[in-house]
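One chain, chain A, appears in both complexes that follow, with chain B as partner in the first and chain C in the second.
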Partner chain A sequence: MTRLQRILIWIFCAGVALWLVAPTLVIVPISFAEKKSLAFPPDGFSLQWYANILNSPDWSGSIVSSLKIAAIVAVVATVIGTLAAMGLAKMKAGPGGILRAILITPMIVPGVVLAIGIYAVYLDHQMVGTLVGYVLAHSMLAIPFVIIAVGASLAVFDTRLETAAASLGASRITTFFTVTLPLIAPGILSGLLFAFVTSFDEVIVALFINSPTLKTLPVQIFASMTRDSDPTVAAVGTLIFVLTSFTIAVGLWLGTRRRRS
Partner chain B sequence: MDAKHRGAAVDIRDVTKTYGTFTALDKVSLQIEAGQFMTFLGPSGSGKTTTLNVIAGFTDLTAGEILIGERSVGNLPAHKRNVGVVFQHYALFPHMTVAGNVEYPLKLRKLPKADRARRVAAALAMVHLTDFAHRYPAELSGGQQQRVALARAMVFDPPLLLMDEPLGALDKKLREWLQLEIKRIHRELGTTFVYVTHDQEEALALSDRIAVFNKGRIEQVGSGRDLYERPETLFVGRFIGESTVLTGAHETRGDETAIKVGDQWVGIPGRPAGAGPQALLLRPERITLARPGTGAVAGTNRLPARVTEAIYLGSGVKYEVTLADGTRGIARMTLADDHFALGDPVEVAWQKHEARLLADDGSSLAAQSGEDK
Partner chain C sequence: MPKLLRQPAWLVLPAILLLVVALGYPLLQVVIRSFTDPEPGLGNYTWFFSRPVNMTVFWRTFEVAGWVTVLCLVLGYPYAWLMTAVGPNMRLLLILCVLVPFWVSGVVRTLAWVILLQDSGVINKVIMALGFEKVRLIRTQTGVIIGMTQVLLPFMIMPLYAVMRGIDLRLVQAARSLGARPVLAFLQVYLPLSLPGVFGGAVIVFILGLGFYITPALLGGPRATMLSTLAQQQVLQQLNWGKGGAMGVILLASTLVLLAIAARFTRRRYQISGGSK
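And now, the complex of A and B:
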């Protein structure tokens, strides 16, 4: 490869990288704006919007609600999705494929369609704006991600190891916890993360079923954006961006370290 | 390992296993004595692995009964049978070290930690892998992995150890060395071993007794020598060792049976078993090749043939000959005997009583190579 080709490839890659992260990076300067405006580039510098996250019950409350709901959803969806994936893996290809397709549908059906259905039922049963309502709706959306992630792990899991464990004296339950679970843990963990993010990120269903007393962060962001131009949105966005980047960096670091050892 | 212990006897009574309309095992009965090295030999699909799986509890049986020691295990799940199993594919737990794998069955049995460490060390020493205790299975060669699997299967002192083609994935040199290792371990432990293989040489090298499987049934059980010298069915004769099989119309002449090979009759003492077609089975060592018209001895059969292959074996020469009717014959001669070149006309000669008269069960030559499905 010539020097010129190398430079061209570098420029191209840098361009694509910039394209991908630019929208995210724009919010960082805005979050430090002095005036209450979403103009870019912003004027001046202040930390008032970060302080506002803590001071405003709308913001801090919705963040806490989102984290709480996402955490519960992550656990519920991971347990149910993992069990479903294990059942599907043991089924025959034909019926297993059909059942799998049915279980995956929440991922394929447009969110707004689901949201209308959920809203109609929730109205009848006084579940709008309840924690249980959020958890049920978001878990339904998150389970397919877990099924796919765990299913991928199970596809490469050697079931003969379970036979071997049985021959060594392990009951089915013991085999699951000592052999199967540790080996499909990467899939379960990524399913857990997907489930958490699915709930944390979910806006359409949340818009329908929120109430003044219980709303999630995406709902609060959406409401804030439509009402006024409050840079607190950018401050929240920046915090989430930093936290997720940090989490992924740690994950990657742990991943490469394990592979090397 | 604790003091040397005796293995358990295994009693298989009329075990049948069907899958839909397919009968994998058809009323198989077999007694295995405590401490014996028993090999299940047969082509793939003959039922030998199914029988092993039924003993281990991996496969439910359709009918029949299995006793390990005095205990009927028919309804006992695999994990309660206390039987060690070594698989062809090793089946080591990739997320545990070598020591972790070997310790696994001891942890399940809730042995105290010091006890576990002692037994793991002893088991690894037995398979010469003491230095590998902290490695992961992926860092070991196939032969080393299988030794770990062996250590793991015997560390909890099971009275019965099952091995399903444990050396099938290894190359010949390694296989021969591990055969000796397995034999030594069997001697030292006194455990009952059941070993599945399709390799007759392996079966002969290892076993006290061999059960030859074919189409879901046991054809014959006996020592390697029994099976080689006194096969009871043509299938067994062909599967174990090399042989020349002569077939043709037969008739009884007094105390002798005569079989027409090509246009010549050969005789054998005794009467045919059953009314169906008969076959003569000859082992290579029992055949002498002679130049046509020389060295005739009373009481021998002679058939004209042509040498089609001569293979120098070091200890002797193996000749492949083709008889007048197209049958392929195999003779083994010492270096002191006459030498023949390819294409030489010869006479295949043998003492009448050294052949074996068996019912022709239609088993093919392919069975010999283990490829008969």
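And now, the complex of A and C:
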């Protein structure tokens, strides 16, 4: 490859990287706007929209609901998904493959179809706007991510270690907690994280099943954006962006450090 | 423990139960309502396919998903290649640029695009500063495609990178040393080897694009409505469960047909490559 071609590809990819990250950054200055407007660039400086997150029950309430639902979903989906991944790993290829394909379906069904169906069922059973309703729907959506993450860990797990523990007299339960679990912990942890984020970001099902008393943050953001130009959305978005970038950066840094040492 | 209880199938049971309750039963309800509400029959489907407005939205959904897939491929292919060709620190930076938008919620990224594309937004200010006429971007198909391409690009780059990372570059060198020009070595050696990634990424992006809700709903207006938005409006605003359900079934069926074609295509490819060995 000539030098010129190399430079051109570098410029092109720098542009793509910029296009991936930069547009989202536009919300940061907006979050400090002085007037109630989403115009860019904003005039003046104020922290009132950050204060508004805390003061307005619509915002603080939806953040608390989202965190609560996402935390429960993370635990429920991780437990059920990890069990399923372990079962799949022990099954024969044929039936295991079919079951695996079935368990991945939540990823490919278009969100709106699911949302209509879940809304119909929840209306019939008085589950609209209930914690159980959110947890049930979001756990189902998160299961495939847990199965994929834990399954990847199990694929490289040496099952002879379990046999060794059993031959030394450990019960199945002891073997699981002292041998299997510590070794597949990274997969379970990333499954947990995926499940949390799946629930925290989910918008379409939540848009159908929310109620004034229980709504999640994405629904509140969506409602605010379609209703008026309130920079509080930008303040919330900025917080999400900073927290997410920080978590990923720390994760990547820890990952490379461990691999090098 | 009785032998029956040791079957690995028991471990999968809770997940299957959850799927039956929260996925299978609701989907069944959508299908049933599409055929029975307000009256039994194919009324909702004949209504959908006989209205030109609906068909416009139907084809637009495929058109937008197609454009987004092509644009993601054009932007993602060189990027994924570069990820395999740089040192570890640079690679980490490039991965970070893909992962951050992947994890930051789609709602927040769409909010950013609303701010950028609005009539008095940054892009229009730049366009006018350069002396051109103001362009209408928000509530247009172009705006939806721009926003969706950015939101879905990570789903293209990751499968591409996963496949390209495993390509043995000595094969390309071998082609070069046998006298192939760089373009020919790329077209005949590297490109075919990277096709599984291209194919995987394209299928994921196209299917996600077909069912995408949030970006089209906020960036597209009445003139850029997609199937998901139309189905949502039918149910939540018009309370037309049957019509909304029929649209949902049509969307789901399109997705399944595409997946079946994709599965068949990959299987045949594998058979061909397996047979030539």
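Just so we're on the same page, the second predicted complex is superposed on the first by the 248 of 261 C-alpha atoms of A that agree within 3 Å, B and C clash if a C-alpha of one lies under 4 Å from a C-alpha of the other, contacts with A are read in each partner's own complex, and residues count from 1 in each chain.
The rule is simple: a contact is a pair of C-beta atoms (placed from the backbone, for glycine too) under 8 Å apart; a residue touches a chain by one contact, two chains touch by 3 or more.
None of these values were measured; they are calculated from a predicted model.
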Can A:71 be said to touch chain B (first), chain C (second), both, or neither? neither
Winner on chain A touched-residue count between chain B and chain C: chain C
Please indicate which partner A:218 is in contact with in the superposed arrangement: first for chain B, second for chain C, both, or neither. second
Tell me the contact category for A:189 with respect to chain B and chain C: first, second, both or neither. neither
Scan A:152 for contacts with chain B and chain C and give back first, second, both or neither. neither
After superposition on the shared chain, which partner residues are touched by A:53: those of chain B (first), chain C (second), both, or neither? neither
Which residues form the common part of the chain A surface touched by chain B and by chain C? 172
Residues on chain A engaged by chain B in the complex (per definition of touch): 158, 160-161, 163-172, 174-175, 178-179, 182-183
Which chain B residues qualify as touching chain A in the complex? 56-58, 77-80, 82-85, 87, 89, 91-95, 104-105, 108-109, 152-153, 156
Of all residues in chain C, those that touch chain A in their complex: 1, 8-12, 14-16, 18-19, 21-23, 25-30, 33, 75-76, 78-79, 81-82, 88, 92-101, 103-109, 111-116, 118, 120-122, 125, 150, 153-154, 182, 207, 210-211, 213-214, 218, 227-228, 231-232, 235-236, 241, 244-245, 248-249, 251-252, 255, 259
Touching residues (chain side chain A, partner chain C) in the complex: 1, 9-10, 12-13, 16-17, 19-21, 23-27, 30, 38-40, 80-81, 83-84, 86-91, 99, 102-103, 105-106, 108-121, 136-137, 139-140, 143, 147, 172, 197, 200-201, 203-204, 207-208, 218, 221-222, 225-226, 233-234, 236-237, 240-241, 244-245, 247-249, 252, 256
